[in-house]
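Which chain is which? They are A, B, C and D, in the order written, and residues in each are numbered from 1.
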Amino acid sequence: MYLKGFELFVFAALCVLIYIGINLAKRKPPYVRVFPALEHIDEAVGRAAEMGRPVHYSTGVGGLHDEWAPVTTAGLAIMGEVAKACGKYSVPMRYSTVLAYLVPIAEDLIKFGYDTAGHVELYNPDMVVYAGEEQRALMSAMMGYIMREKPAVNMLFGATKYETINFLGTGAIVGCMQFGGTPRLYYLPVMLATCDYCLLGEEVYAAGAAVTREPSQLGSIKGIDYFKLLVVGLMMISLALALAGSNLWGQLVKM
Amino acid sequence: MSLILKRREIPIAIFALVSLLLLADYFTGAWPAVSREIIGWAIILWMFSYVLGVTSLFRYHLTRIQKHSQYWAYSAVLIACVFVYLFSGLLGGVGGISGIPASKAFNDFLWLNVLAPLQTGILSYVGFYMYTIFFRGARTRSWDVGIMMVVTVILMLNVAPIGVAIWPGFGPLGDWLNGVINTGAYRGIMIGVGVGLIAVWVRAMLGYERAFLGELSGGAQ
Amino acid sequence: MGAKVALGAFPLADRLVFLLFIILMAIPILRPIGLPIPVTDVTRKSFKLMDSLKQGDVLVMCFEQDMGTYYSGAPPDEAGLKHAFLLAKQRGVKVILFGTSTAGSKVYIDAVLIDTEEFWKPLKYGEDWVNFGWLPGFETAMAGFARDVQGTCKVDVNGKRVEELPMMKNIKTLNDITGIWYSTNTNPDMLPRQWSPLEWKGLKWSICQTLFASVPWIMPYVDKGSITSYVADQRGAGEYEMLLGKLGMGATFMDAQSIGHLYGIALIIIANIYYLYTRATKKSASKEK
Amino acid sequence: MEWYIAVIEAVVMLFAWSLLYKENPFYRLGEHLCIGLYLGYTLYMGIDVLLKRVFIPLATGRGTISLVLAMILGLFFYTRYVKPVAFLGRWSTGVLMGVGSGVAVMGAIKPMIVGQLEQGNWFAPGMTGFNNFVMTVATVSSIAYFLFTYKPVGWLGYVSTLGRAILMACFGVTLGTFLLSNIGFPIGMLMKLTVTPGSYVSLLAVAVIAYDVLAGRKRVSTK
C-alpha cells in the first residue's frame, strides 16, 4: 500500500472544481465560447438535403474498452446531435465503426435522434455499418464508400488514428464538406488542412458537453477553466522553485 | 423488480464502481488483484461482443445478395472470405489444439500473401494523401495557416537527409522548433486533453454524459 | 476536357499528383543515388544504451506493429534485433519478444525473425531468447506484464508454458528487467504510462522505436526521462545500421525519402501560388463589377 | 519466394492502389476481400483467445469466479436480441466503459497533467535558460488559448492569439515530420512492384489504365 498524495490532490481538485462549476451553472449559465464546428452542423446537413446526398459519420478506431473511452463518448454525443439534424432535414446518415459493441449503441442513438426530430420512419438499421475489428478494413470500406456514394458531409469525431488521413483525404478529393475533431496531436494538422470546421485537442471533450446547451453541462466546462487557472498557478510555483534553485518540486510531486 | 433493473442508474453505477476500483488501486495500491481481473474482463467482453457486429454485417450483406442490389456479387465475395478464412483457421488448429497442417498452411498463405499486401496497399494511402493535403489543404487562407506552412517546410527540410545538404542551418533550426516550441505547446495541449478526458469521466459519473448507453446526453434525471 | 469527362468526378490534378509521386519514387529505387546519412545524437544514445547491456541483463522487445507497417517498423526493429541477438551471443544478454496491440504483432515478429535468421540461429531458444507472440489486451496487457510477468506470459508462441522456459524463472516483475525496446506504430503514450524507468526502480532505460511523426509526441517524455531515448523510423534505422556496421533496409530508403520531401515542398509552393493567383484575379474581377 | 506468390502479392497490392486512378471493380474486389478476410481473421483470433482464456480453463476445472462473471457479462451482450431483457446489454457496456475510462483517467493524471507542470530555470546558463523561458511562454499561452469560458479580450486576447500562433507552429512541426513515416509505406511497396515478377504486373496495370483512358476518350467523342 502507498498513497500518491500529490496526484490524488490534483485529481480531487479537478473533480471538486468541475462539481462546483456544474452547481454554479444551475443558478447562472456561464458564457462558453462558440465552437464553429458545432454551429455549422445544421447548415451542413441542410446542404446535404439540398444536394440529396447522405451524411457520413465515424468515431475512428478508438472504443470504450480502451483508453479512448472518454473521447469516443464525446464523439457519440456529437453524433446524437447530427442524427437529430439529419432527422430534421430528412437526410439519410451512415455511421461506420470497427467496434462491434458500438453497433447497438449507435443504432439506439441514431434512432433516438431521428425520433426526436419526428422522422423515425427514416431510420434504418443499415445506417450503422460494421467493418470488422481492424483499422485497415475500416479504411478500405470508407474510401470505397466515399468514392462511390459521394456523401455531402463527412464527419470524423473521436480517437482517430491513421484512418484520419484516408477519410479526410478521400473526402477532400471528392469535395465533401468536412468536419473533424480529435485530441490526438499528430492528426490535428491533417484535420486543420482538410476540414472546413474542426475541433482541436480538448475542444472535442468540451464540445461533447457544449452540444447539449444545458447549463449543467456548460458548468463542467467552467470547472475545467477554474482548474486550468490552478494549473497555471502550480506551474508558477514550480517556476519560482526552479528559479530559487530548489528541487522541492521534485519531492512534492513524488509525495 | 424488472422495472428497477431496467433503470439507467444501474449501468452507470456499474461503470462508476469499476472505474473507482481501478482508480483506488492506482492511487493507493489496494486490491491490485481485483483491478487486474477487471481489466482482464474488458478483453473477454470485447471478444464476446464481436457477434453483435457480425450479425449486423451479415444482415446487411445477405439482404443485398437476396435483393440482388447493386454490387451484390461483392457482398457474396465478402461472406465467402469470412468463412474460408475462419474455417481454414479453425481446421488448422485453435486454442492451442493442433489441427490439419495443410489447412494451417493455406490459412497462413491467405494472411501473409493476400491480406498482408492488400492491407499494406490500403494503408499506403496515408502516403499518397499527404500530397493531397499539401496540394489541396496547404493554402495560406489566413496568417495562422501561413505560420503552419512555413514551419512545415522548415521541418521537412530538417527531416529529409537532403535538407542539411542544402543548408546546414535546417538541422539546428528544425531541432529547436521541434524541441522547444513544439514541446512547450504540446505540454499545453496535453494538460488540456488530460483535463478534458477526466471531465468527461466526471460528467459520466454524475449521469450527464450517457452517450455510451445509447442515449442523448441531457440533465440528470 | 475530354479526358476529364471520361474519368468521372475524380479531378485530374489529384491523379497527376499521385502519378508524379510514383514516378519520382521509382527512380531512386531503380537507380540508388547514395546520399550520405548524418547520424543524430539521439540514435547514438540509443545505440550506446543497447550496447551497455551486460551478462545476465534482460532486454524486453515489445512490437506494437503489424504487417501493414512492416516497411516503417521492420528496418529499425531489425537493426535493434540484430544488435540484441549479437549481444545475447557475445555477452549472454536475455531477450524477450512479444507484442500486445493487435494479433498482427505475432505475424510481424515472425516476419522480422525470418529476416534476421542468421543472428538467432546460433542461440538457444528458451535460454537466450523467448518469443511470446501476441499478448492480447494492449495497454492492459502491458500493465499486467509490469506487475506480474508470469501471469501475463502464460504460454509462448510454440505453446510451451512459461514454467518450462528456464530463462523466465527469475523474472517476476518489471523490476527484473534491465532495458526495453518498445516499437510502436501508433501511440507511444502507453510506454511512459506503464513502463517508465522513473517508476520501476529495476528498469534502467527504455528505447521507443517509433514513427517519425511521433517524435514530437514523445519529446516531452524524453525530456522528463520517462522514455530514455528513441529510434525514429526508417531514418533512425539507416543511422542505427551505420553504427552497428550492418547495412540493411534502412539505408536504401533514404534517397527516396529525400526526393519525396522535396516533392512535397514543391507542391506546397505550387498550391500557394495558384491560390494567391486565383484570389487576386477574383478580387480584381469583383472590383470591376 | 515462389514466383506465383510474388505475382499474387503484386496483384492484390495493385487492387488496393487502383483507387488512385478511379473507383473501379478491382478496387471493389480488393475492398471486400480485405473486409471479409479481416473479419474471418478477427473471429478466428476471438475464438482462439476465448478458448485459451475462458472456455478451456472453465472446462478443465481451472476456472475462477471472475471468469464465470466475465462470461456471464459477455453473454449479456446477446440479450439485445431478446426484447424483454435487452437492458442487460447495457450493464456489460457499463463495465467496458468503466475499464476504458478508468484506464484513461489513470493514464491522464501523471503523464498528462502532473508530469507537465514542472518548469525549468529561466536563468540557466547558455541557451537552456532561454529555451526554458520560451517553453513556459508556449505552455501558458496555449493553455490560455484553450480557456473556453473567458472572453478573449484585453490582455487575455493577446496571450490567446500568441497561443494560437504557437499552436500553429506546433502543428507545422507535426505535419513536417509526419511525411517521412507515411511515405515509407508506398516506397516499400514500390520496391516490390519494380522488381520481377512484380514489374510485369505493374506494366499490365499500366496497360489496363491506358486502355481505359483511350476507351473513355472514344466514348466521349462518339457522344
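What we mean here is this: a residue touches a chain if its C-beta (ideal position, glycine included) is under 8 Å from a C-beta of that chain, and two chains touch if they have at least 3 such contacts.
Quantities reported herein were computed from a predicted structural model and do not represent experimental measurements.
Novice: Could you tell me which two chains share the largest number of C-beta contact pairs?
Specialist: Ranked by C-beta contact count, first place goes to B-D.
Novice: On a C-alpha centroid basis, what's the spacing between chain B and chain C, in Å?
Specialist: 18
Novice: Any idea how many Å lie between the Cα centroids of chain B and chain D?
Specialist: Centres of chain B and chain D (C-alpha means) sit 5 Å apart.
Novice: Nearest whole angstrom, what separates the Cα centre of chain C from the Cα centre of chain D?
Specialist: Roughly 15 Å separates the two chain centres.
Novice: Where the centres are mean C-alpha positions, what is the separation of chain A from chain B, in Å?
Specialist: It comes to 14 Å between the two C-alpha centres.
Novice: Identify all positions of chain A at which a residue touches two or more other chains, and write them in rising order.
Specialist: Where chain A meets two or more other chains at a single residue, that happens at 4, 7, 11, 14, 63-67, 69-70, 72-73, 101, 104-105, 131-134, 136, 140, 143, 147, 162, 165, 173, 185-186, 189-190, 192-193, 201-202, 206, 221, 224, 228, 231.
Novice: For chain D, which residues are shared contacts with two or more other chains?
Specialist: Only 16, 19-20, 22-23, 28, 30-31, 34-35, 38-39, 41-42, 49, 52, 77, 80, 92-93, 96-97, 99-101, 103-107, 109-111, 113, 116-118, 136, 139-140, 143, 146, 167, 170-175, 177-180, 182-189 qualify.
Novice: By the touch rule stated above, which residues of chain B touch at least two different other chains?
Specialist: If we look for residues of chain B contacting two or more partner chains, we find 26, 39-40, 42-43, 45-46, 49-52, 54, 57, 96, 111, 119-120, 122-123, 125-126, 128, 130, 132-133, 136, 138, 145, 148-149, 152-153, 156, 159-160, 178-179, 182-183, 186-187, 189-193, 195, 197-198, 200-201, 204, 212-214.
Novice: May I ask you to sort the chain touch graph into line, ring, star, complete or other?
Specialist: Basically all the chains touch each other, so complete.
Novice: Considering the complex alone, what residue numbers of chain A touch chain C?
Specialist: Result: residues 66-67, 134, 136, 147, 150, 161-162, 173-175, 184-186 of chain A touch chain C.
Novice: What does chain D use to touch chain C in their complex?
Specialist: Touch list, chain D to chain C: 20-23, 41, 45, 49, 52, 99, 103, 106-107, 110-111, 115-116, 118, 170, 173-174, 177-191, 194, 213, 216-217, 219-221.
Novice: What does chain B use to touch chain D in their complex?
Specialist: 2, 5-6, 8, 10-23, 26, 37-52, 54-55, 57, 71, 74-75, 77-86, 89-90, 94-96, 109-111, 113-115, 117-128, 130, 133, 144-145, 147-156, 158-160, 174, 176-195, 197-198, 200-201, 204, 212-214
Novice: Can you check the complex and tell me which residues of chain D touch chain B?
Specialist: Going by the criterion above, the answer is residues 5, 8-10, 12-17, 19-20, 28-44, 46-56, 66-67, 69-71, 73-75, 77-78, 80-81, 84, 87, 90-106, 108-109, 111-113, 116-117, 131, 134-143, 145-146, 163-180, 182-189, 192.
Novice: Which residues of chain B touch chain C in the complex?
Specialist: Counting only chain B, the residues touching chain C are 32, 36, 39-40, 42-43, 96, 111-112, 116, 119-120, 122-123, 128, 130-132, 134-136, 138-141, 149, 152-153, 156-157, 159-165, 171, 178-179, 182-183, 186-187, 190.
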